[in-house]
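To keep things simple, chains are lettered A, B, C and D as they appear, and every chain counts its residues starting from 1.
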């Protein structure tokens, strides 16, 4: 009853492992599927590997989490291997998350990623941790977003493309429309919020080696729900609603706001890797109680 | 237990020998054998360290100088503040008639395990090896608590050679029914070659490059099972280790590449 | 030992009641001073009164609060009366928070507000709840911010002016610099984050009558600390660091990030009106423990 | 108790007369006499209502149709969901030999007060007034629990006139030592003129336009003391009421203006 169709993909559950969480290796992503996710997203990768920022790079606070891993990743070649391996061992859809430092790199990485035949390619144009290196996220600029969407679509072939947006910039509804107009097949919203900073008052230093980090987890749920609501209002393509989903009611809020699938990341820390089963059970219970047959019946209902 | 960052002053430092030190912090949380903490040296980096003992109201970690981070720790003095997050990970079980095999700084987590086995009234024997004498930390404690065999590369303490040399004889002589291991991975590989045929159950305390320590970054996941060493480990049982397809092979670095 | 000098103003405590919280009447602001605040900020007001949005307009969630009061206020004339009354009864500094729907209104409201001789005028160019009516907050645009700062300064006379910024837009450091260059005497950072949305999954409707509302409280502390850190890095003028401050350690993080005074709003809900005393005591205890004589010794220390 | 928004189905509705209804919800929190809840009618508005009773496992609110919102509530049926947040505010005390003076829908909070006084074994007398008979809700309960006097504008129940008419006589006859009041503010003004000279202590349950109900918006703050009616009130003691400089005067509306 929670089976979900995301474009042409059949998901046993609307829950999608969000990028950057346990998405480095085939084995680990396969394990997440075994725990109840309907699909997984790989860690975002670009052409060459990146060590990312030093530790502390991931630090919880009372109401969420700050991270500045700095898009560390083993690079194109390694990740493509892992995606291939995953597909040999597991038939739940896998989404390859990619990024680049230039238009050309976005194109090149997409092309190579496509060779490993992921079920979808997610384009991360909204990571807030890489300012210093890339300036403001591409996703804050409409022209950049348009260009990137076009070039990625050009190189992705028949593989559907989702653009991952952040909550900031000129308004997520506007940006989502730009993505749709330029051929995007789906929208993933949102990336982390902020960024934020935690200062240790005893050593009087920012805790993260990068000083600042994107905020995720329960603290950002309302901003994520609002973003999904905005996107749904502005585009027809499906949405992977992501951000702060920890309890079943959070996931249901996302669906009511308009999400087709639901990204789950930081909750793996709060609820353990069992969170996927807990959420599936909770969503199913809600549908039963209100005698719905599937999430399709309530998608976007908060707009009425 | 706290995963949020908090710094604590170093209460005491013990130097075991050149580049091998124990650091003590106020015991602000309960900790069990095998669990580890993330140590943050402000402005430098943060890395995982096994708790090596709980003494009175202090928790102890023991560090060997390897590269930049551990060398930085060597420069710290009593009163300096370090971030201590945790405890993280999954503990050792407590079995009777066990052999504790430790290599180098890997002896650290075995120290607190020995403490707990003793408190639980279990019988155990120790087999500790290192490059030189002073690297066999807590030697007297281990001897006090149980029969203890030593090996060093240079023969400066115990027998010259490796812990694996006399392993078979010790297993029979001491009627060993369970094995705990901690140390360099190459040691595990060799030990398994010996004990797997003998069908002895065991637990090893393993290491991988760790980022978050709280099970979300995926950096420490083991190929084969996808087990997160920082949550389901660092102590793994025989069955779990059997599933690991990368044992003794290249590990992932900070980027996630195998190096 | 927690006495604080904000420009020429002498505050008995660095804590300032944030705008929109208990800031409608002289009696209520006087009461907040009695509970330990060093200064108070009035509710933001413009020329004519506004009823604001219907209820629910203020709704807590697990990790903070959403509000969309819609800048309801009794209007210029009433608020000026209240400010005058306050000054007759209380000698702790009062900050008049003003806004406008046009450049002219900003000027006019400033001029009239100045007549009531508040100790400072705070200019709210960052309220996220009034988009529909005003488009994006002025504070998201550098030119708008420059113009507003100039016109407000022109009409404020000798009364110092603080510009209240939000965390969004082209980068709060950049905007703060624009304010300083155009004559602002101080910066208040930050306004609410988001906005966000909460959907009731049983009635399937957004809870706020305005659908969305700005996020405040504990959830936004890291974003606020980061914003203050950015502003301090970019300007010399003092900062009223605001956002999520609930515990003494939060306030100290703000000071280490560079705040001279600390705005406190939503914490009045979490900790009660006694929060001001609790924070004062906690800050003082911290200074004593680390044998500092005043907050001046640690202001901005996280930048070293 | 929950300040976050949650909706509950209406379990039961009782119509006392034209435009006066009680609504019942599952008792999901404890509530005390004088406390109120915020009722959200999705898509319409949210306003405060005193809890008028706790019956079995239900909490009850009683609403009189005034303007748009309360009229909207009148259209609700059993099963419809309304948001119920709270309880908010500060309770009535429980004194002996008290007189409960209620005007119109103000009788609602006195109903639960009477319940609690009864349970606490206190003696009390009731003086209830309204425009017409059916607006005197719960009349039989009050009579069951204590001596009860009624007044109505049209004489349809009890004496024709206002609650204040025979107040002095009743105070003496019933040896009243404490007074509780709830109703239109004009009633408080008149009652005070009578009882202040007699030095009788009292508590009134007051109303102001409320937005947040949780003490941060400032909408309900009383001139003079700055007291927040939604937190320190709605029940105020004699001393606090004495500090109020706006009693019986214009109140603030949604914008904060006095109208």
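The rule is short, and it goes like this: a contact is a pair of C-beta atoms (placed from the backbone, for glycine too) under 8 Å apart; a residue touches a chain by one contact, two chains touch by 3 or more.
Given the structure is predicted, the values throughout are model-derived calculations rather than measurements.
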CA centroid of chain A to CA centroid of chain B, Å: 36
Whole-Å gap between the CA centroids of chain A and chain C: 33
Whole-Å gap between the CA centroids of chain B and chain C: 51
Residue numbers of chain C (touch at least two other chains): 61-62, 198, 205
Multi-chain contact residues (two or more partners), chain B: none
Chain contact topology (line, ring, star, complete or other): line
Touching pairs among all chains present in the structure: A-B, A-C, C-D
Chain C contact footprint on chain D (complex, rising order): 3-7, 38, 40, 42-47, 81, 83, 211-212, 214-219, 221-228, 231, 252-258
For the chain C and chain D complex, residues of the former touching the latter: 20-32, 43, 49-52, 54-62, 69, 72-75, 78, 198, 200, 202-203, 205, 207, 209, 265-266, 268-269, 272-273
Interfacial residue positions of chain C with respect to chain A in the complex: 61-64, 66, 136, 167-168, 170-171, 193-199, 201, 204-206, 211-212, 215, 218-223, 225-226, 229, 249, 252-253, 256-257, 286, 298, 301-302, 304
